[in-house]
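Same chain, two partners: subunit A is paired with subunit B first, then with subunit C.
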Partner chain A sequence: MLSTIIDWIAAHPYQVVGLVLPIVIPLALFQILPLLVLMERRGAAMIQDRAGPNRAYIPIPFLNVKVRGFGMIFNLTDAVKLLFKEHFTPPFVHKGYYRIAPAIPLITGLLTPALIPWFSPIVYQGGVLSGQTIDANSGILMLFAMASLSVYGVVLGSWASNSKYSLLGGMRASAMMISYEVSMGLSVIGMLMIVGSVSLTDVVEWQGQHTWGFVVQPVGFLLFLVSMFAECNRNPFDVAEGESELVAGFHTEFNGVKFMLYMSAEYLHMIVASVLIATVYFGGYQLLPIPGFGPEWVKAHVGQVLAIGLVGMALGLLGFVWVIKNRKAIHARSDSNPQDKAERAKEYGLYMAVFTLAGLGLLGAAGASWALINIERLGQGWIDFITAAVQFNIVIAKALLFCWLFVWVRWTIPRFRYDQIMDLGWKVLLNVALVNLLVTAVVAKLIG
Partner chain B sequence: MKVRTPQGDTLDLMTVNIGPSHPATHGTLRFLAALDGETIVGGVCEMGFLHRGFEKMVEQGTYSQVLPFTDRLNYCSAMINNIGFCKSVEKMFGITVPERCIVLRVILIELSRIIDHLVCVLANLVDLGALTNFWYFFNVREEVYRIWEKLCGARLTNTVTRIGGMYRDAYPGFEGDVLAVCGKVEAAIAEVRGLIEYNKIFIQRTKDIGIVTAEQAIAFGWTGPCLRASGVDRDLRKDEPYYGYETYQFDTIVGTKGDTFDRIFVRIFEMLESVSIVRQAVGKLKPGPVNAADARVSLPPRDNVYHDMESLINSFKLVYEGVRPPAGECYDSLEAANGELGFTIISDGGTNPYRIKVKAPCLTQWAAFAPMMEGHMVADVASALGSINIIAGELDR
Partner chain C sequence: MKEQVPMDASNTVVAAAAVSPTTFDIVFPLTILVVLALGLPAALFGLNVVLSKWAVGFNNQNPAKNESYESGLGARYGTATEKFSIKFYLVAMLFLAFDIEVAFLYPWALQFNAGGWGMVGLLVVFLILLEVGYLYLYRKGALDWDK
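Showing the complex of A and B:
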């Protein structure tokens, strides 16, 4: 019995991967959340000229080192704290909705990755393995529908809370969602018009054959970016939370795990939004913004592409070792407590050793990949999967750049007022989107 | 809440409590707003949540024992309160403090003004969601607090003055520290101005919000930066100079409109003027005594106490009984960071004050808040409230 299953799996690798991917990809995205939280905290500290998270640690028993992970441990402590908090339900809430609401944004956030093309379609004997789990004809429309469902969680939660601050927050969120959905949809139509399809795979394939979307649709890109900020409820559009006006807005009455669900959904939506921007306007899984380096080229040179990527990562790690060395010197200079100083020196020494080894290991892996990964040695199947993995990582790398943009903007500019957001959405963005659409339509018709 | 307007329409309003414990109210203040959608139709201000009975408590102690209480009035600029109180008591006595003490007090007043304005502006910007500015200003404030620590050992509640002088002379190197801080203040202000001055969102959020015209401001009895933001050129340092302010070169910053934007920028430019005053004052700082040589208020030199009967008695009387201002009533005020800070002191000739009444600049500003907010939105409450700088300790006393 078991051997037949194994035999079947070995005989049908593409089908098996196609079954597993819909579960693996959302989980993989979920793993980026802690990284994003760390990015937010570290980025804030960097922009704001302060130390940032550096207290929570895990003691390593035999080495006698406290590993702080540059604030990474705080993610763990946060999660543990929120999970083990008392599940307090305020007496005045609508209990049913109050329990359901926090899950909705997270569920929709986890569903949207199914609609994003993570790698180029793989053609195999007897079928095609698409990079999109749901390769629907409606494509991007379904994605927008999914993404905008998340506001129901916010509105339901705010209504169930039965609190005035929450109600105002939920009202703002719903009004904003409606307003920005319009300009977001219109801004992306320009791109779809040029491509001639609403399927995201087609959009990315077109970008591989011509050039990336932001070159042909710069205005559309900016509109889409702004709308995405609004969709994610991020500063300067975070009026639904508006912590100085509405205490905490829609999640004022939520605590513990329910609060954690809202927060992780917010970050998940940030990732999805970044992935979407990268997919529609920054070439998705395409490597370079010039034609001739499409999926076929990557597949033919996947060993070399992987090697270059690994060398880049290795150089990043070795550069990070240099940063740690500087930080170590700063701590040695400025720490007044000798015990503290010794601990930091030890901890940073450990990091430097680990990261140097990891960097060298990556360099070795890069060499191995350059020399060993080729179609003669591995066969078509492995090359297909390695290419898919490389393309997935290209998307994630582009998305992380946009995630950093989200963080950067949040800590730089003030928050809009609710009515000003409405003005911007209806009086500015909508009009610009319509003009952009018109110009695009005319030019697309003229050029053909 | 159903309300009938004077025109006979019925409005369905929602009331929202902003405060007493709410992130927008720095301190315990309560603003009960009646909302139509998100627009504030009307509101009621309430105060008294931080009432500690300051004016009754101070009647129980001697004049010197009042000083630590004054720290707790406007805790963002405690030294100005110390100096204001001492100035009033000195006026009762008719004492002139020595030149070095005056210049030191001017430096302390202006540095306190700077940190008070820093806190006001940074808190206001945090309310607007521009969180990063908080740290750019707070780091400088920390530098000033380091000077405070060196000067008197305390950071927030300094009690740095004494009736007739100072707690002690400035430490060696004080001038250098002060000048270094001046440069840092200017750098921080340049940085924050770079972030907000031409920022469209900031301008949209603050322009034409919470307008108080010059007539209204005078009618409400406003003083200080908020009054000047409304376009009234009134500054006690210029109009009723004390401590030789007439000899310093500085400008009064006057706004045009009296909106939140004006109030923020009047404070920012006033900080720059204060920096210039501090620099001039450091140049005027000459060696000399810091306590008035007046037996009624100042302790005699230690050496005399040990070798001179009269000095011993004098010291004994001052320590065990305290100072005794002549019977009578006296009001004296100075330009504090927030406006005119005045102390009315009634003395019956005894060692305890018969009555002390504080004229707190916040009080009149808080009184104007509800009419100021009519017709604005909920989000504007945070920005406007930050810009009038209500310090609950001073408001409720």
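Showing the complex of A and C:
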């Protein structure tokens, strides 16, 4: 029975990959979403020098420990609260659009990762398995086309709400998003004309053979980054929901799961934008910004690469244990009541035990992967599979750095005024993008 | 979309890819993806309806709850869909014009490596035409938001 299934999988690689990728990739990105919310809350607390999310907890029955999980429990309580909220449609809204609109940004956020290459193409039985879920030749154009549709969610939601704040927020947001779409499209052309293809797999392969995109297109990278901030409605471009002016902007009248759909779509767009920046300008699944360390090198040394990554994660966890140890000492000296002190001491002790075990386990796994994962032992198929997994994690690691950049900027830079935003978009970024294009063309022909 | 973009022979990946995936291999994942993308919001929405109405919640109506969230002013200053600034319409028109011009640049970008300095000349001609229109708009004040 099992061998029959394995034989069928080996005989139908395209169908299996076509079945697995479109389910695994969006759900994997959806799993990063709570992490990003946590990153935002902890980052805000860190930058503003205040206590972060640390009140909600889950009691563990037999150990008599309260697990706060560094604020991770808040994601759970948020989801439960929003799912259990009353399903309430206000009487003054346009009901059909009001119910459809919140789903549109989430749908586009789930569709766009299909055009991102998550691993290098695998040569298999004379054919090639692409790292993209949909290996369409239109590549980044199709991605832009699908990403642009999320404007409809904002416009429809704001208009259907039939509320003045909503309408103002939606109008501002849609005008800003379409303004910055022009410079977004222009800035990425610089990279595409050097590569000579719109397929993102080709863009990443080119970066592996030469160098990463931000080296050859620094101005284009900055323009693309700024445009992506505007496309995601993030600070300093978050006029859509300028809470001091417009209550909450376009989603003022939305409650319960409809609000949850809008918010999860916003964070999902941040993740997709980070992945896109990492793919076009930071080498995607390429390991290093110098030629010679492309997918073939990674494939030949996948055990070692995996081991080094695992050692890095283990060191991170053990460093975290050291941080918790200091926290525990600080809390023991504080003037809170004895019961709270005892509870916290137990909680920190549990974290230290768990993270030490996990770190040591990862070190063991690193040693095992260094020793055991090689092509003689496992064969080509498993090596290809492990390489694909490693490359997927390289993309995610790069994307998380840009996610942190999104959070960092949000809590550092104040919001722009609306006319400043429109001036920046139409008078500065558009012209800089055109000049960048001209300079890139001339330099590319001069170099050859 | 079916047509393979012309590539130089050194790009082995694309040369090999021309052999393999059929239309089915593109449409099949796309179908699954669309079903998932439509199904996830629908499932969350349905879960909310089930959990709040039938499982634990109750539907409590009162006049204040049915008002829009507009600081209590409500319909006193007109309805929300009455009128808003014409500037937004202007921005939409500008977007259409400029985004189509961006779309014209993509085929040029794909053929850039194939041509010589003539490709740069094409870009210069295109940019001059674009900038003339842009300067006209600039002098007309179409790009000034606070005027």
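By our rule, the second predicted complex is superposed on the first by the 431 of 448 C-alpha atoms of A that agree within 3 Å, B and C clash if a C-alpha of one lies under 4 Å from a C-alpha of the other, contacts with A are read in each partner's own complex, and residues count from 1 in each chain.
By our rule, contacts are C-beta pairs under 8 Å (C-beta built on N, C-alpha and C of every residue); 3 or more make two chains touch, one makes a residue touch a chain.
Keep in mind that this is a model prediction, so the values were computed, not measured.
> Which of the two partners, first being subunit B and second being subunit C, lies in contact with A:47: first, second, both, or neither?
A:47: touches subunit B, not subunit C.
> Just checking: does A:412 make contact with subunit B only, subunit C only, both, or neither of them? Give me first, second, both or neither.
After superposing on A, A:412 lies in contact with subunit B but is clear of subunit C.
> Is A:247 in contact with subunit B, with subunit C, with both, or with neither (first, second, both, neither)?
both
> Of the partners subunit B and subunit C, which touch A:373 in the superposed model: first, second, both, neither?
Neither partner.
> When the two structures are overlaid on chain A, which partner does A:430 contact: first (subunit B), second (subunit C), both, or neither?
second
> First (subunit B), second (subunit C), both or neither: which does A:205 touch?
In the superposed model, A:205 contacts subunit C only, not subunit B.
> State whether subunit B or subunit C is in contact with more residues of subunit A in the superposed arrangement.
If we count touched residues of subunit A for both partners, the winner is C.
> Between subunit B (first) and subunit C (second), which does A:168 come into contact with in this model arrangement: first, second, both, or neither?
Once the two structures are laid over each other on A, A:168 reaches both partners.
> From the superposed pair, tell me which subunit A residues show up as contacts to subunit B and also as contacts to subunit C.
Subunit A residues touching both partners: 164-165, 168, 247, 418-419.
> If we count contacts the way the header does, which residues on subunit A are in touch with subunit B in the complex?
Residues 44, 47-50, 164-165, 168, 172, 235-236, 238-239, 242-247, 411-420 of subunit A touch subunit B in their complex.
> Using the touch rule from the top, collect the residues of subunit A that touch subunit C in their complex.
14-15, 17-19, 21-23, 26, 30, 82-88, 90-92, 99, 102-103, 106-107, 110-111, 114, 121, 123, 126-128, 130, 133-138, 141, 159, 161-168, 171, 174-175, 178-179, 181-182, 185-186, 189, 192-194, 196-199, 201-202, 205, 247, 252-253, 256-258, 260-261, 418-419, 422-423, 426-427, 430, 434, 437-438, 441-442, 444-445
> Please give the residue numbers of subunit C that touch subunit A in the complex, ascending.
Residues in contact with subunit A: 1-5, 7-8, 11, 13-14, 16-17, 19-22, 25-26, 28-30, 32-34, 36-38, 40-42, 44-45, 47-49, 51-53, 56-60, 65-66, 68-70, 77, 79-81, 84-85, 87-88, 91-92, 94-95, 98-99, 102-103, 105-106, 108-110, 112-114, 116-117, 119-120, 123-124, 127, 130-131, 134, 138, 143-146.
> Under the touch definition given earlier, write down the residues of subunit B that touch subunit A in their complex.
Residue list for subunit B touching subunit A: 14, 16, 22-24, 38, 125-132, 134-136, 139, 195-196, 199, 201-202, 204-205, 377-382.
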